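Structures follow.
Two complexes follow with subunit A in common, the first pairing it with subunit B and the second with subunit C.
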Partner chain A sequence: MKQLLALLVVANLVAALTGSEVLDRVRAVTNAKDRQATAAMTITDKGNRVQTRALRTVMKGDNKLMMTFKSPADLRGVTFLTTSSDNMWIYLPAQGRVRRISGSAVDQGFGGSDFSFREISNLSFADNSATQPAESTAVDGKPAWFLTVKDKDGAASRIWVEQARYLPLRVEKLGADGKAKKRIEFGDFVNRGESWIPVEITIHDLSRGSRTELKLDSLKLNTGVKDGYFTEANMKKGA
Partner chain B sequence: MGSNPSNQPGPGLLRRLGVQVARRPSLFLAGALAVTVALAPFSLRLKAEADVNKMLPEGDPSLSVMALVDSEFGGSDEVAVVIECRDVFALATLHAIDSLTSALADLPGVAEVQGLTTLQDVRGQGDDVIISKVIDSVPSDPARLAALRSAVLADPRYRGTLVSADGTAALLLARLLPGCDKERAVAAIVQVAREHGSAGRVSLSGSPALMKFIRDWMTSDMLKLLPVVVLVLVLTLLLTFRTWYGVLLPLGAVLIALVWTLGLVGLFRQPITIVMVVLPPVLVSVGSAYGIHIVERWEHERRLGKGPRPAVEIAVGSTGLPVFLAMATTVAGFGSNFLMKIASIRAFSVFSVVGIAFSFILALTFVPAVLALVRRDVKNRPDEAEHGRRRNRWCANWGGWAFRHRALVLLAGAAVAALALAAALRVRTETDFVRYFKPGSQPTRAARIVNERFGGMMQFEFIVEGDIVDPDVLERMARFQAGLESIPHITQVYSVVNVLETTNRAFNGGAPEFERLPESRDATAQYLLLLSFSGSEFLSRFITSDYQVARVTARFDRQESREIAVAAERIKSLMAATFAGSSVKTNVGGMPMAVLALHRNIQSSQLGSVITALVAVFLLVAILFRCLRLGFASLLPILFTLAVSFGVMGAAGLRVDVVTAMLGSIAVGIGIDYSCHLIARRREEQAAGFAGEELARRTLGSVGPAIIVNALAVGLGFSVLMFSSLSIIQQFGLLVAATMLYSSVGALALLAAALGGRGKPRRQP
Partner chain C sequence: MTLAATLLALLAGTAGLGGDVMTRVHLRTAALDSAAVSWFETRARLDFEPDLGDMVSAKLGLEFRLDPFSQLSSAGQLGEPARFEPVTVLLGETYLRVHNPLPGLTLTAGRQLLHWGTADAINPTDNWNPPDYSDPFTWDARRPSWMLSTDYSPANAFGIELAAKPLFEPALSVPDRWLHVDYLPSEAVLRQGLVQQFIGYGLDSVTARLLAGAYTINIAEDYRSPANRLKDMTYGGRARTHFSVFDLSASMVRGYDFLPTAQPEVVADTATKTLNFTLHEHYARRTIIGGDAAANVAGIGLWAEAAWSAYDDTLPEDELSVIGGFDYTLAGFYLNAQYLHGQFPLALAQTSAEPDRDFLLAALERKFFADRLLLRAGGALDVKHGSLAFLPLARWVPADAVELDLTGLVFTGKDGSAFAPLDANDEVCLGARYRF
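For the complex of A and B:
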């Protein structure tokens, strides 16, 4: 296995890839038709106050996502559903109602964390395109590709990708001034079939000084989740 | 100030110093040069500072609340950008405001800009909860513009908050990042505002902007006023001496003392505050007198035929003691300001004492060291002699008249003091820092607009610590806010309570009856989670992420500390009543409380510092002249001066502020000099055997002109401060200048009359 990896590295060095090719390979290895998991979210604010939340997540493709809070007690049953970037619903058990959330300011944060909803639902860089050729570099001693990408709204990010397996190691979201605003670190990937999924993700909000860790457990991939699962009725059931 | 050394107590040390300076002038000059070279570079480190919070003592409760707001809620320092125009809702104006808002938001040091085009809102529409900006994009067609105008002006959240009720002025609030370089951030805001003049007439207010203006104007004052003070001193010295050394030596000594003092200020990294800005004029005006006395005495001895070096020995040995007494009493007066609880006044106290001591040391070393090297003969100038004789005659006549009518003089003095005291009772402390500026200046005007049309510039900060999502706590907070709104001048009360009420209404289809707090803890927690979608900024300004600390803000549309004091009393009662029996902890702070703390610190410590100064000068005079009666008598003109000074302030409606708070102790410290001169001279005449009216005539005839010239020189030096850009400095300069008049009149009339002609003649003239 080690020899194979070494060969892959040498091969990569010999034939440098474009940024788009690297990004395509990242999408290919991190992709799954659907995924289900329980997640432990630990939010640490700049004053080192820690909040923990337990969630259940069900995701299909790049757009359909349902997340249900299991704890703390006062949030138990709160469910978010998104079926596209413009369609987002919330169910609040205390009100017994589902409401569609819309507006220009709905994608700023998720559940008090440093993740935006888009960041949490799109870790495979589906709507990103590379703007420059990939450069060879190293992260923690591992050979890595460094590339700059832009999403469909023109927001730029810097990505470091492990050369051996094309797994994202680190992402920096850049502000309009070109400075990093958020840093996402991926750790501990698990392999299910052809997919490598990060089960530990930490996001640092560099301007606020806070961070959020997301740890996935009981990860299941490609179990055949139906489109009809993502409904108001299932939201109220608490997924 | 001529004094016979043999008649003065304890001049041995000074005599020895005089001998050493006369023998080794080069050594003393080299020493002065070495210290100047060592300290001068540090004077380049000086940095202006005008932050009102830095004036408060560490541990002041208002500071701890501000620190909490900075660390937990992103700070409260806001620059208010006021845009005056014909119609805020005109298309071009809205675009210009939007462009200005974006440009401000992009500036380093600016955390966010709150304005019409950035304000976020949560509203309900059918089954939708819409979280968006109030104006997502500027509408282009007239109908939508008109609709926007109607909607915004009908909504109390925007009308009188971000847009004036008549739609002719808009307000942008640029919140600065805690810990950023505020001066640089405000400078960038000023630049951007200047570049966006098309939006209308743009002016700035808010404490960071006012602090920047104060800093800039202080710096310009330092550079502008010092040369004028020096010029006044040069003219005074020219008229007095008409020799190069008579002008250059007292001036040089005091300028070197200034360089040393400012060097130490820089070395200890002390900021130049609004109080410290008066230090250079004070040092030049007060400190120059010591060198003048030495030069005068040296010239006197030279005229009597002494050589330059023997004249130096006598000048230092005999004049040194009265100069020491003048310095010591001034140090006592200035040093008593150290008892004030305001950091910048304490710093002024320390460095003014150090500066006065340096001036004294240089007057007794540098000045005579140069004089020892002067070979030129000193001759009497006939015209000057005649002029001097006339002055002396006039003063002697006045001394005789005051002696004969001493009861009348004392009665008149008492009557004036009594009248003045009655007026002095009207003097009030006022720490409103908009009063630092001249009426009609841009900062004053902008502050008035924000106060009158946007609900006020200053913001109270209330901290509630406890289980905030507990419905009982939220209900108490709501009651507290309602109570706050009933207090005069409090406007725009806001907290997470308002956010939750708005969200509850939005989640229930926008029905007005749901504009109330959610009923359960779970509902509250879930609404807060929903709001997290709009980004933590929306919530984090008002509640911490663990929901254990909440912030309530309330604007105040006045700036006067007296008005704040009235509101603060009601707030504290309201707070105690509303949260009684609850487990939450509450605290109040914010800029109004900082201004109030400053007000109270001045009130509580000003009298103490004046009394300390009086006791110190009494002890100095009584000990050095070895006479308790003289100690008490020396206080008479000072008490008269204090009464008249504060009486004039009361009659003119002037307020005691952070600078004029030092007036009393400075008046004591400088004004006592005239009494000391008079007492010392009177002792000499007594020793010469004079008594009765003749004693009074000779005392006043000899020392009177010197006192008048000294008071004029110091008074003129201080009156230069009326050219300051800042109203607070102008007032201080004129008040101290007037104080010199009162204290010299006090000495020449009241003290002369009080001392009468008692004395045992040792020899008949």
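For the complex of A and C:
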């Protein structure tokens, strides 16, 4: 009887969570003061042709991000910097200059991948707000929350969150017609202190039939990266 | 070249070594029966960037340019391979850079490229490195210069750059083979000028010709390059900031034009019957005050850039260059359009008597087949005179780091228009590039 009561209490607590509360917990669990990593990006197109990229990434909080391509040769040194969803820049070594990424270009492929600049800079859901209450569901047999969120430009997404640890499992980016255009899957979470960081992120472009896998390696958290790191001068040096 | 390719392949495996190999051939298509190769170069660029840790970085760059046009002028030179395949070796970026000796401070000493401005390809505020017009297809290429530069960026929202360039280096001009420009008049042209002058004095044409024929004509060029004294060096600074969705910067550079100003001097001595023509060429000293802005408004990238050049001498006249533009992506199409008031960045445009022109530059491009194929239609319109430069491009990327280009250069324009000197230079170009 006590067990049933406890389950009912938990169920009521669970039911009482709003979409925003779930989203806040996801941000809290997956956040870190700063993080540095190398990354391997694998792009597989519709015809199963594979391209690979190597990157180095430095992130502070959930909105300051610098990523530099180390390979292939035609992307070496290309550096992406964002400090908010409105402020993104790219350094192109061939041109020797830093350029602002304009509104429409933020939806273009990042380094030829299926990630857009907007998506790669918002993997921690900093710009999302929940529009509906969280619904209880399941993913691969695990209890999960289902949320519908919008970013500040009004683009809608569906998010599935593991209930036990509040880890994001899957995101579907919706088009204007309400249909899923891209699907992002998070996996292989690494636990460091209070943070759970996904080191495998895969995005599927459902209309193009392609996918991009991003695998983080040599992950370091909370090393004391300063705000002053995220500057134009450091873009030329590279992350 | 086989040896060079082997060397490149070996070096490509060396840590910190990168670069590219590019080759392109231009076929001039004015008439099929006289179609000819007008430009054909293979360029190999090697950049060595050793890993020196977080505090220091360095770069050593070399560029090899192979011109396959034979420079043989005698059968006696057949034993001189340098005349078969002339190779030019240029020093690329070669510098030492110190990062964060103080937080946010970067110091760079050596041969380097320093780009300023936010506009696309044409930057009136970008006046540090001499233009490299040697490739007629690339309008915005620059050669690195020896200089000291510093960038202090204590925060993302603010930065200051200061630089000084002790040596003057002029622009590299377009090859004479591609665009022949007579810098000096011929003796015949000057003698004809004398004839016209004498006719203007009231002499009949026969007497005028006889009299002009008696003149000794001397043609000379007085070329002066800026001295490499400290007080003649190029120096300047720039402050940049951003707030909200705007990037702003203001700059000042005290330096020189990269192409010389030509002032002809003609002295006729009736007593000795001598005509002395001297073309005085000097690089005009100027102060350039500039500013630029870039923004992201309603999904459209906007930029504007302006520079006011105040010359020390009366020639050339002070001038204002302004460019504004936008880019936008819709349904996979990328549109880029700019309006320029000022000099077009091409060597031939500098030869024009009318310095200020208004140009509309636009490009529309789209990628296909998972970004493997790029099609672009782009060009520049001389608004006032209606002449046009059209540059279509098809680029196929069969593998990472490999590009195959099919491009065109199409020029139209009546006399006096910006692109009139290129009216006969319509070309089809085939190119390939491999980066490593």
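In this section, the second predicted complex is superposed on the first by the 220 of 239 C-alpha atoms of A that agree within 3 Å, B and C clash if a C-alpha of one lies under 4 Å from a C-alpha of the other, contacts with A are read in each partner's own complex, and residues count from 1 in each chain.
We take it that contacts are C-beta pairs under 8 Å (C-beta built on N, C-alpha and C of every residue); 3 or more make two chains touch, one makes a residue touch a chain.
Not measured: the values here are computed from a predicted model.
Subunit B and subunit C, once both complexes are superposed via subunit A, clash. Of the two partner chains, subunit B and subunit C are each touched by A:Gln51. Of the two partner chains placed by superposition, only subunit C is touched by A:Lys226; subunit B is not. Applying the stated contact rule after C-alpha superposition, one finds that A:Val78 touches subunit B and leaves subunit C untouched. Shared-chain residue A:Asp140: touches no atom of subunit B or subunit C. Judged by the touch definition given at the top, the superposed model places A:Asn234 against subunit C, while subunit B stays out of reach. After overlaying the two complexes on the shared chain, residue contacts for A:Phe110 are found with subunit B alone; subunit C is out of touch.
When the two structures are aligned on the shared chain, A:Leu92 is found in touch with subunit B, with no touch to subunit C. Of the two partner chains, subunit B is the only one that A:Ala176 touches; subunit C does not reach it. Of 292-300, 328-336 or 508-516, the segment of subunit B whose C-alpha atoms clash with subunit C in the superposed model is 508-516.
In the superposition on the C-alpha atoms of chain A, the part of subunit A touched by subunit B in one complex and by subunit C in the other spans residues 45-46, 49, 51, 72-74, 95, 97, 99-105, 107-109, 112, 208, 210. Of all the residues in subunit A, the ones that touch subunit B in their complex are 43, 45-47, 49, 51, 69, 72-75, 78, 88, 90, 92-95, 97-113, 117, 176-177, 208, 210. Considering their complex, residues 18, 20, 57, 97, 99, 103-104, 106, 113-118, 151-156, 159, 240, 242, 244-245, 247, 294-303, 327-330, 334, 370-371, 400-401, 403, 435-436 of subunit C touch subunit A. Residue ranges on subunit A touching subunit C, taken from their complex, read 45-46, 49, 51, 72-74, 76, 83, 86-87, 95-97, 99-105, 107-109, 112, 208, 210, 226-228, 230-234, 236-237. Considering their complex, residues 71-72, 106, 120, 127-133, 136, 469, 507-508, 518, 520-530, 532-538, 540, 544-546, 548 of subunit B touch subunit A.
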